[in-house]
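Down below are the structures I want you to see.
In the two complexes that follow, subunit A is the common piece, with subunit B as its partner first and subunit C second.
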Partner chain A sequence: MNMSRGQFFRKREFTVLGLIVVLAIIFSLTTERFLSVSNLTNLLVQLAGTAISAIGMTMVIITGGIDVSVGSILGMSSVVAGKLLMANFPVVVILGAAIATGLLFGFFNGSLVAYGKIPPIIVTLGMLNIIRSLLFQLLGGRWISGVPPAIRVIGLGKWLGIPISMWIALILILFFTYFLNSRPLGRAIYAVGNNIEAARVSGVNLTRTILFVYALTGMLVGFAGLIYVARTGIVQTNTGTGFELEVIAAVVLGGTSILGGKGTIVGSLLGAFLVGIIKNGMVLLNVPALSEGLVIGALILISVVIDVVRARGERI
Partner chain B sequence: MRKYGIFLIVIVLFVLAFSPMVLAKYKIAFVPKLIGIPYFNAMEEGGKKAAQDLDVEFIYTGPVTADVAKQIEIVDNLITQGVDAIAVAPNDPAAITPVLKKAKEKGIVVMTSDTDGAEDIRDVFVNQALQDEIGYTVMDELAKAMNEEGEFAIVSCGPTAWNLNTWILYELQRLANYPKMKLVTIRYAEEDVQMAINVMLDLINAFPNLKGVIGQCSTSAPGVAEAIEQAGKSGQIVATGLSVPSMMAKYVKSGTVKSFVLWNPVDLGYLTVWAAKYLLDGNQFEDGKEYEVSGISTKPRYIAKDRMLVLGPPKVFDASNIDDFMFF
Partner chain C sequence: METVLEVRGVSKSFGGVQALKGVNFALRSGEVHALVGENGAGKSTLIKIISGALLPDRGEIFYLDQPVTIDSPRKAQEMGISTVYQEPLVYNELSAVENIFLGREIRKPWGSIDWKAQEEKTKALFASLGLPYHFLREPMGELSVGLQQLVLIAKALAYESKVIIFDEPTAILTEHETERLFDIITKLRMRGVGIIYISHRLEEIFRIADRVTVMRDGEVRGVFSIGEVNRDRIVELMAGRLLVEAIERKGKKSDAPLLVVENLSKRGRFSDVSFQVFPGEILGFFGLVGSGRTDIVQTIFGLMRQDSGNIIYQGKTVHFSSPEEAMQSDIAYLPEDRKVQGLFPILGVGYNISITFLKEILGSFGVVREKKERNRGEEYVRRLNIKTPNLKTKVYSLSGGNQQKVVIAKWLGTTPRVLILDEPTRGVDVASKSEIHNLIAHLADEGLGIVMISSELPEILKMSDRIVVMHEGKITGVFDRAEATAEDVIRAATGERLISVER
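Up next, the complex of A and B:
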């Protein structure tokens, strides 16, 4: 996608990036710890799982859908990975199993939406509960703890100072940005979200496209589940609850229209960074914990308002 | 005479016909805040053991998340089932009141256990340990590990959890004994290990002089310990708090956690069922009396003004005893 410089500055991504830069400057001036290597690595480690899941969620929302079951899928793939780890399976098997678990549920979501023509919010809300309940049965109320260190390099390892999980996230983001912009299936995702009738008439395979975005989201979340286990070494019965809101917030903040048709993966990464940097800064500045939500909520609204005002100016 | 004989036979038949009801076991139910966490699993285990020892039927049921409305619904169903006693660890001390009142009106023995609520209605609150003793013990353990000096932080869980906030209050009260220690911040991490890790990693960066931290609940205590190890600060920052041995063992063995505090939830579950049976048998508790309960390791004491049965003093777990408690 070629764009002139003027176009870039008018884009939502620029607003978010601008906010991130402004906040980073404020935080580095007010606390000397913000720019420390350990703090920045923390920030990256904390965001990797959200960023990877947001890739799939961006595509789902671009098609005009939504997936609220990702928190439960994350929990389920963590359980599968955790159980296999405790049984000392090789890392490759565990990686495959975590991703396959996510794929399975994503495929199921996608089938119901694509073939069953059931609204995505209903399908994934149902699955949110079903998967969480299955997870309970599987864990039998016991948490998994004391995961062997073999896997932990994925969660804690670093290469060139950047966490391995973030490298993986960046590679996936680059690949899927290319995919969305340049591959026929990627373009079809935008087409479905922009005007589903027009897309159908122009020969887009609707069911295949929709099935794909949910299945892909499942896979990516499955992988994020593995990172979760690798990082914490503990799987709780409520692992991943509320995760869906984190991912959706990152995507929406990053400029993806909740109505579909518009959005980028890089925007979602920036959205995730914005929330992450605010939370991090609040702790560094020692803002009382109970007003954290106030600040984050206000900044989310401000960034959206700036965007809306800018869009109005555009039209004049 | 014959008439008298027939009357006798009728009486005997009558008694025989209804004897299963008279001899039927008491049905005692416990409704935890949520099922599926190691802590309440341990209470369930204790309850089961007591049910076996005391020959009663034990029902363990609860919501899958700490849901206020679901819990009320479950208590309502138990009333319909016709149990003899209900013990609840309420998710909301006020919201549980109406349904417990209904239970009481049906003649059911109503109790709270682990967390109090419906104070005017319930017959007795089975308390794991006095709130102030818990807070004081946690602070003392932290002070010991920090040599009574330096900066420390508290990572709590739900910001509205009444028991956690009360313990924090007593911890701060006890802080007056340690003038060289300074609390720098209190943060909240929900009941989520990952969030506790994230918060603690941020705190390690924010406060370079940090020497100690209290993880206020069973998820935040292992979370903060894990974060200290991930940041390579083991030996420089010590963690303590309230959690279960199975989650903390790793950090006790590596030295990041010198000691932590809890009580024995298995004993608490046992005592809950024992107390229900004691009341169903028509007994009354006496103020200040210490009870001998075979099957548990402490001597519970009754405090009449609060209608509260206290399991005992809080228990400190460290490298010397943790291996004996790995079952919860």
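Up next, the complex of A and C:
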């Protein structure tokens, strides 16, 4: 990348990175526990699922879409994984089942958006409710707990001091960053978000591109569901509620324009870190949970306003 | 008859282009004053100034002998100047009555809308024009275009308009609706309303106009009473002494056609269209906006489907159901509006260009070979003289001419055999325009079959080896470059059938 220094500092990724550093300094000065190994590990473990899901969400938002059903999909794949775990299925089968569950719903979302031409917010809002209600039926109000320890290594194991789930997240991020920049389908995702008509005229297969981003998001969220079970060992009917907002916040804060057409997966990872650090620090500072929403909400609004204002100058 | 509206010395420019140069125009009450001219002659700009959509750079407007500033369409309407556009601007969900009184409802003393009074008044307006009014309560969206137009005329009367502008009102009307419209215009004229009537159909003008003003290149070229002028004279003035030097060409046209279109029809768009494209030639397509030119080429490119007729490409009948398929057969299409169908504004120049040929520069694992991509991008930037800091520069920041070159580069990247160019130099500066013209000639010399649509007559005359002229979805003229005159082309484009070369 041959970009000048000025260009780098103007990038959203830089601003977010700066904020993360500043907050990390503040929290390590004001609290004793922030810099402790257990707290930082905890932070990374919690972030892994969000970061993995944000890969897919970044692509969805770049196409100009949105997926608010990821929280319900996470819940559902956790239930599937949890039930199979309790029945002592081999790990490979459980992994496959969790991912397949996510893929199924993601494919359904994508089909309705791509072929049905229904606005993504409506499709995924519908799915959010449908899946959540199925989940109630499946669990019948009970919890799944007492997950066998074999699987928990995915959630809690470490390598070189960093949780295995975070390693997996980083590998996926590297792979899909490469994918987004260097595969024709990745380029098509940007093209669709920039100008869907021009993409069509340029020979881009619109339905395939749109179907892909929702299906991939489903798969990745399905995998995040498995990580969730492995980490907490518990699945409830409300598992994953509100998760969609966390993922969307990470993506939007990370510089992906809610208007579509631009954004990076690395930005979303940084966005996830920012959200995670804010939450973590405020807990350590004993700030009431209500103010956490206030801070994150304000940050999201600021970044969207910046996007919208900037987009005015980018019209042709 | 007194003058109701007068425009004196009005000029207007957009960027560097002078759209109106000191135009004088006078409208008397009770006359139908036709305004004619080629595309780009300045008619629309003049109308926009009169109706408050644009402010003039210089000049004065007098309304009822008073100097006025018309700074918004609403002000124009309140003063008594109404415009009825080709495709009526209406609120589809509201009824005719609501459309007429929107923003100035008749109210009861306590403020609620007096529906009954509004409806009565509307009925009275329609009755005074001798029109039926059974449809007044239906949503506008469910009325035909003809009826929507009537509602807008009634609205103009509700504002007690003294000037009504009709912009191509008959372009999408049926014959019956057209007759009814002419009846109404006659009635309006008898009431003393001044009417500005824009149409490309010269026969209509001779039927209903009292006077005609001919414009060309932003200037008024003549004002006549309809009795003292004939069709040929008007066409001559519209065309001007157009001396266009044909661009120099080296290549030779081959004898076997590359693309043959046979009796292609699509309901409501075009009918029975046949033509051939040979390798090494530039086939110019001339016609007014709405004549079906773009629909035909989009059908060839797989963006639309014909109802009947065949497209034969390199000897085989083809049906492209998507641009992707057309591109696989080496057909490329530069769309009419780069903003709508051409550019990816917040992507870099390089990504904009390579999107059409990524599949050809894949390495292992289906990954784009970035070096190859960069080399191809740089090659096009050089060849087309695209002025950009680098390949990463986002295209929204380039000038119109350079943006257009980026879109052209994108299509050259597919190494097409048939290149369809829809308005290749629209909104492009003079220097870029001549560069694009030279490029097109060069591509034809290399053996590409080029179809070039343009609304600009000089461009068509300069570039084309043969010229196909369309009018309302039909081919009305085919000319060889040697024998084509500006006047003949305009005649064909305004509806005279002049097919001089059959091949």
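Heads up, the rule we're going with is that the second predicted complex is superposed on the first by the 284 of 316 C-alpha atoms of A that agree within 3 Å, B and C clash if a C-alpha of one lies under 4 Å from a C-alpha of the other, contacts with A are read in each partner's own complex, and residues count from 1 in each chain.
To be clear about the criterion, contacts are C-beta pairs under 8 Å (C-beta built on N, C-alpha and C of every residue); 3 or more make two chains touch, one makes a residue touch a chain.
This one's a predicted model, so the numbers in the text were calculated from it and none came from an experiment.
Steric overlap between subunit B and subunit C is absent once the structures are superposed on subunit A; the two fit side by side. Legend: residue contacts after superposition of the two complexes on their common chain; A:I62 is shown touching neither subunit B nor subunit C. In the superposition on chain A, contact of A:A98 is made with neither subunit B nor subunit C. In the superposed model, A:S182 makes contact with subunit C only, not with subunit B.
In the superposition on chain A, contact of A:N39 is made with subunit B only, not with subunit C.
Set against each other, subunit B and subunit C touch different numbers of residues in subunit A, with B touching more. Of the two partner chains, subunit C is the only one touched by A:K262; subunit B is not.
Superposing both complexes on chain A places the Cα centres of subunit B and subunit C at an angle of 120° as seen from the Cα centre of subunit A, in steps of 10.
Of the two partner chains, subunit C is the only one touched by A:A198; subunit B is not. With both structures placed on the common chain, the touch criterion links A:Y190 to subunit C but leaves subunit B unconnected.
With chain A used as the common frame, subunit B approaches subunit C to a shortest CA-CA distance of 33 Å. The part of subunit C that touches subunit A in the complex is made up of residues 301, 303, 322-324, 327, 333, 335, 338-347, 351, 354-356, 358-359, 362, 366-368, 370, 390, 392, 394-396, 403, 410. Only residues 2-3, 178, 182-184, 187-188, 190-191, 194-195, 197-205, 257, 261-262, 313-316 of subunit A touch subunit C when the two sit together in their complex. On the subunit A side of its complex with subunit B, the touching residues are 31, 33, 36, 38-39, 42, 45-46, 132-133, 136, 139, 141-143, 145-146, 156, 228, 231-234, 236-239, 241-242, 279-280, 283-284, 286, 289-290. Per the touch definition, subunit B reaches subunit A in the complex via residues 35-38, 40-41, 64-65, 159, 184-188, 190-194, 197-199, 201-206, 208, 219, 222-223, 226, 230-231, 246-247, 249-250.
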